[in-house]
Every structure is written in C-alpha cells, then in structure tokens.
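Heads up, the next two complexes both have chain A, just with different partners, chain B and then chain C.
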Partner chain A sequence: MDGTLLLQLTINGVLLGGVYTLAAFGLSLIFGVSGVLNLAHGEFLMLSGFLVFLVSDRLGINPFVAVALVSPLFFAVGYAFERLLIRPLALRKEHVRLASATLVTLGAALILEDGAAFFSLGTEFEKSVGYFLPTLRLGPLVLPSLKLVVFGLVALLIAGLAAFLKYTYVGLAVQAVTQSPRGALLNGVPTARIGAVAFGIGTFLAAAAGGLEVIHSYVSPLIGLPLTLKYLCIIVMGGLGSFVGVALGGILIGLGESFVGFLNPAWGQTVAYLLLVLVLLTRPTGLLGK
Partner chain B sequence: MLLGLAGLALAALLPAGAPQAQGTPKEIVIGGTISQSGPLQGIVAPFVKLAKAWEDRVNARGGIPMKAYGKSLPIRFVIYDDKSDPATTLSFYERLATVDKVDVFIGPFSSGLHNAALQASVSHKIPFFMVEGNDPFLFKDPNPWRVTGLAPADKEQTRMVQFLSKLGGLKTFAILARDNLHEKESAKGLAEMLSQAGFQVVYQETAPADTKDFASIVLAMKQKNPDAVVVEALAPPSNIQFLKQAREQGLNPKELFVSHAPVPVIKGLGPSSENMVSMLYSFDGDSADHKEFQELCKAAGFEPWQYSEAGIRYRAYRRIEDALERAGTLDKEAVRKAMWSTDLTLFGEEQMKHDATGFGTDMPYPVQVHDGKYVSLWPIEKGLKVHRFKDGKW
Partner chain C sequence: MRRSVPVLALGLGGVLVAGLLALPWLPLAGGGYAVKVLTLLLIYVVLAQSYDIVGGTMGYVNLGHIAFFGLGAYACGIAFNAGLALPGALAAGMAVVMAFAALISYPFFRLRGAYFSLAAFGLVKLMENVTINLRWLTGGSNGLKVAAADRTLPMYYLTLGLAAATILAGWLVNRSRLGLAMKSIREDEAVARDFGVPTLRIKTQALVLSACFPALMGGLYMWYFNFIEPAQVYGLKIALQPVAMALLGGSGLVVGPVLGAALLYALEEFIWTHVEHLQGAILGLVVVLVGLFMPGGVARLAPVQRLLERIGLREDDR
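So, the complex of A and B:
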C-alpha cells in the first residue's frame, strides 16, 4: 500500500467518521442529561431525511436550504417526545425508569419505522437527492467535495453546540445536569425542563444528520435502528458523557471502516463492533470516559 | 353443539377437494403475494394493478376455455401484501390454499420469498408458477409442483454479454455484488460468461447488504482501472449510494452497468445517470405481444421502462393462461403437467421452455438511460447504433 493510498483512505475515514459524529453527539447529549438510551434517535434522523427530500424535491429548493428549514423543527419534536413519553416515567424507581424509558423509545422506533414504510410516498421506498458538487483534486488525492461540505457543516454544528454548552445559561445547566442531576436541582436548575431541552437539541442534531444523509447518501424507513446501534457503539467507545470521546470514537470507526473495507469489503461493516469490543476489553469506561 | 361437532368430524373425514370435483367451477382463482410494503415494494408494488389489468383483459374476451366443463371460465386474482417478508409470505400462501382455495399459485418477487411460498405449494399440492425466483437452491430438490419462467440466475446476463461482445472497445471489468444469494449467483455467472467471451475480470467483490459507505470499494476498483464497472445490486439503495460515491471519488469508467436499477436510481443520480446501462425484461418491438404488454402497463399506470420486472409478469400471465387452456380442466395434476410442457413463442422471438429441473428461458435485455429514461439496446443491431459509452462523464 503506497503513501498516497494510505492518505486517501485516511481522508475518506476521517470524513466518514465526522459525519457519524453529529448524530452520535445528539444521542450522547440525551443520554448524559436524562440517562435514557433513546433507541428512536435514528428514526428521527430517517424522518428528517424524508422531509428534506420532500421539501427539496417538491419545492425545488437547494437541499442544504431544506436541511436548514427542516431540522430546527425537530427540536420541538424531541422536546414533545420527552414531555409526552419519557417524563411520565420520571417518578418511578431508577432502574424501572431506565428500563421503561428504553422500551418506550424502542416501541416508538418500531412504530416510526413501520409508519414511515407505510407512508413511504408511493412505491419509491428509498429517497436520495440527486445533488453533486464537482470533485476536488489535490495532486493524486481526491477530495470528495460533497462529503467535505457535509463534514464542514457537521464541524460547524458541533462547534456551535460546544459554544452553546459553554456560554449560555441553558448550556451550562445541561452540563450541570449531566454531571449531577441532584446537585443541579439543589442549585435551582429546572432539571425536568433541561431534560426536555436536551432531548430537543439531541433530536435536532439527529435531524440535521438525517438531512445531510439524504444529500450525500440516502434514507429509507429501515435505516434508523442500525444507525442508532452504530452511534451507540461510538459513544460507548468514546466514553459515556465525553463529547471529545464521541468525536474520537466516530473518527476511529470511520477510519476502521475505510481501511478494512478497502482490504475486504465483507468485514467493513463489522469493524465498528470489533473495535468496540477491543476498546472495552482494554478500557472498560471507553477511550475518554471516567 | 353436538350437531356442529358431528359436522366438523364429517368434514374432516371427507377427502380435500371432493366437493369441487363434483361441480363445475364458476371461475379460475389465481393467488399470490406482491410486496406492497417493505424494501421490495419499489420494484413490484404496481404489479397488483398489472394483474388486475390482465384479469380484466382475459375476462373481457370471455375467460379461458375449459374443455372439461364445456365452457370458458373467468379468472380472478387474489393478491396479498407479503411486506417483503418470508414469514408473512408463507402465511399468505397458506391462506390462499386453505381459505381462498386457489387453483394456481403465482409467485411473489425474489428467490427468498419464493422459498417461503414453495412450502405451501408442496404441502397443498397446488401448481406454482414461480414468477421471479431463479436461484439454484430453489431447484435443488425435485419438485413437480413448481416451474419458473426465468433462466437460472447465473445465466441471467447472457444477452448483456452477447451485446458487449459485439460492442467492442471494452477489455477489463470490475464487478461488485451485494451479499445476497441472487446477486452473488448472478455476478458469479456474469464473471464466468465475461471470461469465456474473452474479457478480463480485474476486480470482483461482494459487499455486505447493509453497506452504506462504498468509498473504500471505489478506491480498490480505481486501483484496477477497469474499462467497465458492473454493480449487481437487486434493489436500491445500495446501487444509488455506490454510484454517488463512485462519481465523487472520480471513478470514471468507459462503461457503467447497473443491473437492477429502477426509477429511484435514475432519480437519485439525476443527470449523472445518463448513459448508464441496465437491464429490462422487455425490448422495443411491434409484435402483438409488445402491443398487449404496453397496453397492460398503461392500464396499470406506468410505462414499461419504469419497472424492469413487468415483462416477467406478462410472460407469466401468458404462460399460466396457456397452461390452463391446454389442461382444459382445473384438475391440479393436469394443470401442473401443462405448466411443465409449455411451448409458447412470445414477442416474436422468445420460445418459452422449461428444462428438466423447472428453470425457464426468460432473460433480461440491455437498456440504457437516455434523457432520464431507459431506451432498449435490443435487438443487438439496433442497440449498437443507439448505445453511447459513458466515457467517465457523470
């Protein structure tokens, strides 16, 4: 394997991992604040992808503009999801609450999946926007321009999220609840409302990822749960509650898929789970978990 | 209560089908499933309407003549949604046999669903025309109750190889198949036929069915610098995703062949799909069969080029009608035998036959995207004039 090929595989892997990271951040945020493993996370990604396709296709507008229009709506969806389905479980014993919440999100995921399949807009099950950008070349290297733009937007969104968490009252409250819900409550933080806000932000991030997914890839009603599992892999590998860990986990999985997929496509998809097992055997709390 | 129980016991003692054998049937019931939901719907969903159009057509001309009853009988389709799922498929074929009491089974889409439906055909001894199932495992064990119209999966691309051999200008091929039975078998057969025809297969790999990122595979293909790239993917979205990334990564083959590429693939690629070669189970022509097929598709609400498998369905309807007419009765053994001994000629040049295992002769024809829709590259002489190399232009 020559140097150019190694560099090309690395570029591809980093870009792929970066795209994974956005939705994984959302899942991590929700888990950090509420302790709920939201198995419907990938379904919101899928629904947003469908909506972005619809808006772009039917109204004839640029798909990136459609992402900007559609994904903020999912803040309200996530907020309402928490208020209607997760909050009612809040007063149960901790282990019952977590188990019930996980099952509720699983049920919601299956309903959304079936619903999307049922209403999948005629006979075209999969949606993909036929949008391309000219390929960029850097000497012998190819820079997949569309993925590069998506990666740039993901980086912007993550930077925005980091700034939000660091410099706003709500962001600081989210961090406080993540560190210690009881401590935050004693300091006057409205933890219940912050939980709903975290769900809203997390779902917004999933929706943004879904919109970008339909541009550079495709969405179908069945992609939700497998993607949620991959994001779960990323946040566990990175270390639960660590945003830098999530980024690291995403990039590592992207690199793993890129290199292994080149050598043998049959193992390209399995590498995420092999890496997870490897990391957990050596660092049970994940790469950057405490 | 006692009377009811006695009635049930008596019914259980009577041989199955005895009441039917005594009277003249009023209609011919043909039952099957078609995916109206799940991942396969994009390829076959409108075929419910296609079946209805054929039913209307046959009944408008008085039905199918049945010698044994001295009259023609109208036909009626009973079709359920198998949700693209084998378990659901089996349960509906059981229902078709036991509740709807169909005379003939017509197959679903894909070898996987056929495998499920076969069990009902064997246990209830109902003649089964397997429309869209042609993988060797379905024919491994002798089974007199089923035949398919299709040639074996590994011979599926015969006409494509014939066309490429005449076309010239191509030497090396890269082939990618998705990891499922049919695609692997078809890709394997294509690679063998290409090698026999003097081409060189420089890359041949199988990607897991859930692969979403093909960048590494594209890169590996680029290393081999093939003249032609072949994607053997049964249904979108794998092929859409592969093609998007091939374009983005600068894989620019002279010829691009995507074997199962329905309309969503053309839409998903937009103008980049121009000059992409694919396959369709029909070709342009002006025979009476061509006209009838076009009218059926129109009645079902689509154009023949939009659903590559529509041609297989049409051939299946014709074969079933022919078998029933020759049998002249709804006796299942007679219908079964008539199905095996078909000798129809359709579309002016296709002679329908079955080999000793039950495989048929139907194979797809090469087509190419021109201005966002497929145009036929068959007959070969016409195709050679119409064909345009992709020449790396996305």
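So, the complex of A and C:
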C-alpha cells in the first residue's frame, strides 16, 4: 500500500466518520440526559431523509435548503416522543426501566420502519437526490467535493452544538443533568423539561444527518436499525458523557470501515462491532470515559 | 368476592392440568396443524424462559440472547453435516455455545445496565455478519442445509421435553443459592459485592446456564427445518421476541415467560392470518404498549395473582 492510497483511504474514512459523528452526538445527548438507549434514533434519521427527498424532489428546492427546512421539525418530534413514550417510564426500577425503554423504542422503530416501507412501495425503494458537484483533484488525490461540503456542514453543526452546551443556560442545564440528575434537580434545574429538550435536540441532529445522508448517499426504510446500532457502538466506544470521545469513536469507525472495506469489502460492515468489543475488553468505560 | 374465586380457580387449574397432561398425546389425536403450531410455541417458551434467567432473575437485559440460538443452530448443523448423529451434533453445538458464553461474559459483564444490553445487541449483528462472511463454513447468505426428512413428530416431543427442562431449570434457579445471588445483583450489584457475592463468577454462571437452552433449541430448529439462513436466526424480530414475551408475561417469575410466549404468539398468529398490511407495525405497536403499560407483566396483575395463588403457582416475588 503506497502513501497516496493510504492518504486517500484516510480522507475517505474521516469524511465517512464525520457524518456518523453527527447523529451519534444526538444519541449521546439523549442517553446522557435520560439514560435511555433510543433504538428509534436511526428511524428518525431515515424518516427525515425521506422527507428531504420528497421536499426537494416535489417542490424542486435545493436539497441543502430542504434539510434546513425539514430537520428543525424533528425537534418537535423528539420532544413529543419523550413526553409521550419515555417520560412515563421515568419512575420505574432501574432494570425494569431499561427493559421497558428498550421495548418502547424498539417497538417505535418497528412501526416507523414498517410504515415507511409500506408508504414508499410502488416507487423505487432507495431514495437519493441527484445532486452533484465536480470532483476536486489534488495531485493524485481525489477529493469528493460533495462529501467535503457535507463534512463542513457537520463540523459547523457540531461546533454550534458545543457552543450551545457551553454558553447557554439550557446547554449548561443539559450538561448538569448528564452529570447528576439529582444534583441538577436540587439546584433548580427543571430536569423533566431538560430531558425533553435534549431529546428534541438529539432527534434534530439525527434528522440533519438523515438529510445529509440522502444528499451524498441514499436512504431506504431498512437503514434505521443498523445505523442506530452503529451509533450506539460509537458512543459506547467513545465513553459516556465525553463528546470528544464520540467524535473519536465516529472517526475511528469511519477509518476502520474505509480501510477494511478496501482490503475486503465483505468485512467492512463488521468493523464497528469488532472495534467495540476490542475497546470494551481494554477499557470498559470507553476510550475517554471516566 | 373471595368466595367466587375458588370455583373459577379450581376449574382453571383443572383445565391447566388436563391441558398439560394432554400435550404428549396430542399427535395421536391426529392434529397435524396443532402439532406444528405447538412446536413453534414451545420454541418460543424455551427462548423466553431461558432469556429470563439473565434478564428477569439477574436484571441484565440481554438483547443478545438470540446469538446463542443462532450459534447453536449453525454449530449443530455443521456437526450434523460432518456426519455426527443428532445427539452428538446437539452436544457439539451446546459445547460451542457454552464456551462462547463463558468467553464473552468476561468483556461483556464489565458493562452495566444499558451498556451491557446494547453491546449484547451488537453481538447479534456481529454474529450475523461473521456468519455471512464465513461462506466456506456456513454457506454465507445462501444458508445452511442438512439432509431433509419429515421430523415433525420427534421434533414435537424433543421440544416439549426441552421446554419442560427449561421451565424446571428456571424454577430451580429461582429457589437456589445461585438464584438468590443473582437477585441480589439485580437489586444492587455494588451492595451485593460488598457483602461477599462473587458477582463476576455468578454472572458468568448465569449466562452460561441461560445459553445452554437456546443452543439446544437452535440445534433442534436447524434439524427440524433442514435449512437456516443468517437473517432467520439472527434477525431483529426473533431477537426481540423473547424479551417482549418475558416482559409481557412477567419478567422474573417462572410462569411469566410461559404466559407471555403463549399470549404474544397467539396474537402474532392472529395478525399474520387476519391482517393484510403493516403486520410489523402492529407488532411494534403491541411491543410499545407492553413496554408502556405492563412493566410487571400479565402475571403480576392482581386478578391473575389471585388465580395463581389458588392453583398454587404464585411465587414469592422479591
């Protein structure tokens, strides 16, 4: 493997990992605040991808504008989801709560997946907006410019999220609840409302990732759960409560898939789970977890 | 109010006993369809009951339980194709799965709560991917075949026996020292460890024990259907099934998973035969409702508890 190829695979891996990171941030935020593994996370991503496709296809809008229009709606979706389905479980015993939250979110995932498959039948199954940008060449390196733009947007959104968490009252409250729900409550943070807000923001991030996904790749009704699992691998690998860890996990899995996928395409999708098991063997709290 | 219960309970207990006694004789009555339906139900009973050893008694929601089933099916099928007779192939499958369970318990039980659940869930996906990629061994996505034969009757009796063994194991575990240690882990693991419960060893024992039954069941399943493919034994729906059944029936009680398996299976059969579209969505809705409104399961509802009390099946629920 020569240097150019190595560099090319690294670039591809980092670009891939960037999009993973965005949705994984959302999941990490939700898990941190409510302690719930939202197995429907990837379904919201899929749904938003479909909506972006519909909006830009039917109304003829630029897909990036469509993402900006569609994804904020998912804040409301996530907020409502938390109020209706997650909040009622809050007072149960730990393991009962875990099992019921798993059932509720997994059941919701089944409903969304089957519903999307039902309503998208008749036309082609996989949706993608035909949006192209000329490819950049840097000497022997190929830079997929569309993916670069997507990566830039992801970086922008993540920077925005970091600023939100650091400089606003609500963001600080979200961090406080993540660290200690009881401590936050005692200090006057309305933990229940913050839980719903975090759910909304997390779902918004998934929706944004879904919109970007349909621009540079495709969505189909069946991508939800495998993606959710991949994001879960990322946040566990990175370590709970560590946003840098999530980014690290996302990039690592992107790199792993890029390299292994090049050497042997069949094993590319296995990398995330293998990496997870390896990391957990050595560091049970994740790469940067405490 | 209390007066009216004994008659009803006696009647129900009678029906239950009569039904259980009738199970071994069912094929003689010539109910071919009934035998097939009951075999499938018993498969679910084995899976849900064995899931609940770790999920209910110990409180570790093992979303990867089905990995043992799939691995058992593949290991047994490969051994069977290599020329072993059924008992040998089943034993080989079980040995592989038990070793696997012991092996993964070290990294996986370093995780707690939700982390454990999702790592176990990822394990199922990993197994599916590995199975698809090891084409020379498993047939990849084309699936694995064994010599075909009509095995309806022996399968029914073997599954019946295995289901009875699984329920017995669940009952014994609940009464044993091991079960007590597992419950202490469920209630508060840190305290249990401080009081001298060897938590890692107990957790490993529980996982290996709960892995035997799906391993055997997977082997029988392979032998009965002659053919399996990765999506069939590692699929999302079958992975979710035992968890939903145990919770619907009453996780942590011995009667719970059995009750849940019967109820959910009956409901599914109804949906598949009576509803044309969106069956998956309806199933999802049922699962959501179970999670939302029945944290204790059917077996913990007050009237059901009274009934169980009367027929002597109520368990000490602590």
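Convention: the second predicted complex is superposed on the first by the 288 of 290 C-alpha atoms of A that agree within 3 Å, B and C clash if a C-alpha of one lies under 4 Å from a C-alpha of the other, contacts with A are read in each partner's own complex, and residues count from 1 in each chain.
Everything that follows uses one rule, which is that a residue touches a chain if its C-beta (ideal position, glycine included) is under 8 Å from a C-beta of that chain, and two chains touch if they have at least 3 such contacts.
Remember, predicted model here, so these are calculated numbers, not experimental data.
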Touching partner for A:Leu225 - first (chain B), second (chain C), both, neither: second
First (chain B), second (chain C), both or neither touched by A:Leu98: second
Touched partner set for A:Phe118, first chain B, second chain C, both or neither: both
Chain B versus chain C as contact partner of A:Lys147, first or second or both or neither: first
Which of chain B and chain C A:Gln269 touches, first, second, both or neither: both
First (chain B), second (chain C), both or neither touched by A:Ala108: second
Contacts on chain A seen with chain B and repeated with chain C across the two complexes: 117-118, 226, 266, 269-270
Chain C - residues contacting chain A, complex: 55, 59-61, 63, 107-108, 110-111, 113-115, 117-119, 121-123, 125-126, 129-130, 132-133, 186, 236, 240, 243-244, 247, 251, 277-281, 283-292, 295-296
Contact set on chain A toward chain C in their complex: 31, 35-37, 85, 88-89, 92, 94-96, 98-104, 106-111, 113-115, 117-118, 225-226, 229, 232-233, 236, 240, 266-267, 269-270, 272-274, 276-277, 280-281, 284
Interfacial residue positions of chain B with respect to chain A in the complex: 37-39, 41-42, 45-46, 176, 179, 205-208, 210-217, 219-220, 223, 235-237, 240-241, 244-245, 247-250, 263-264, 267-272, 394
Chain A residues within the chain B interface of the complex: 5, 8-9, 12, 16, 117-118, 120, 123-132, 135, 137, 142, 144-147, 216-218, 220, 222-223, 226, 257-262, 265-266, 268-270
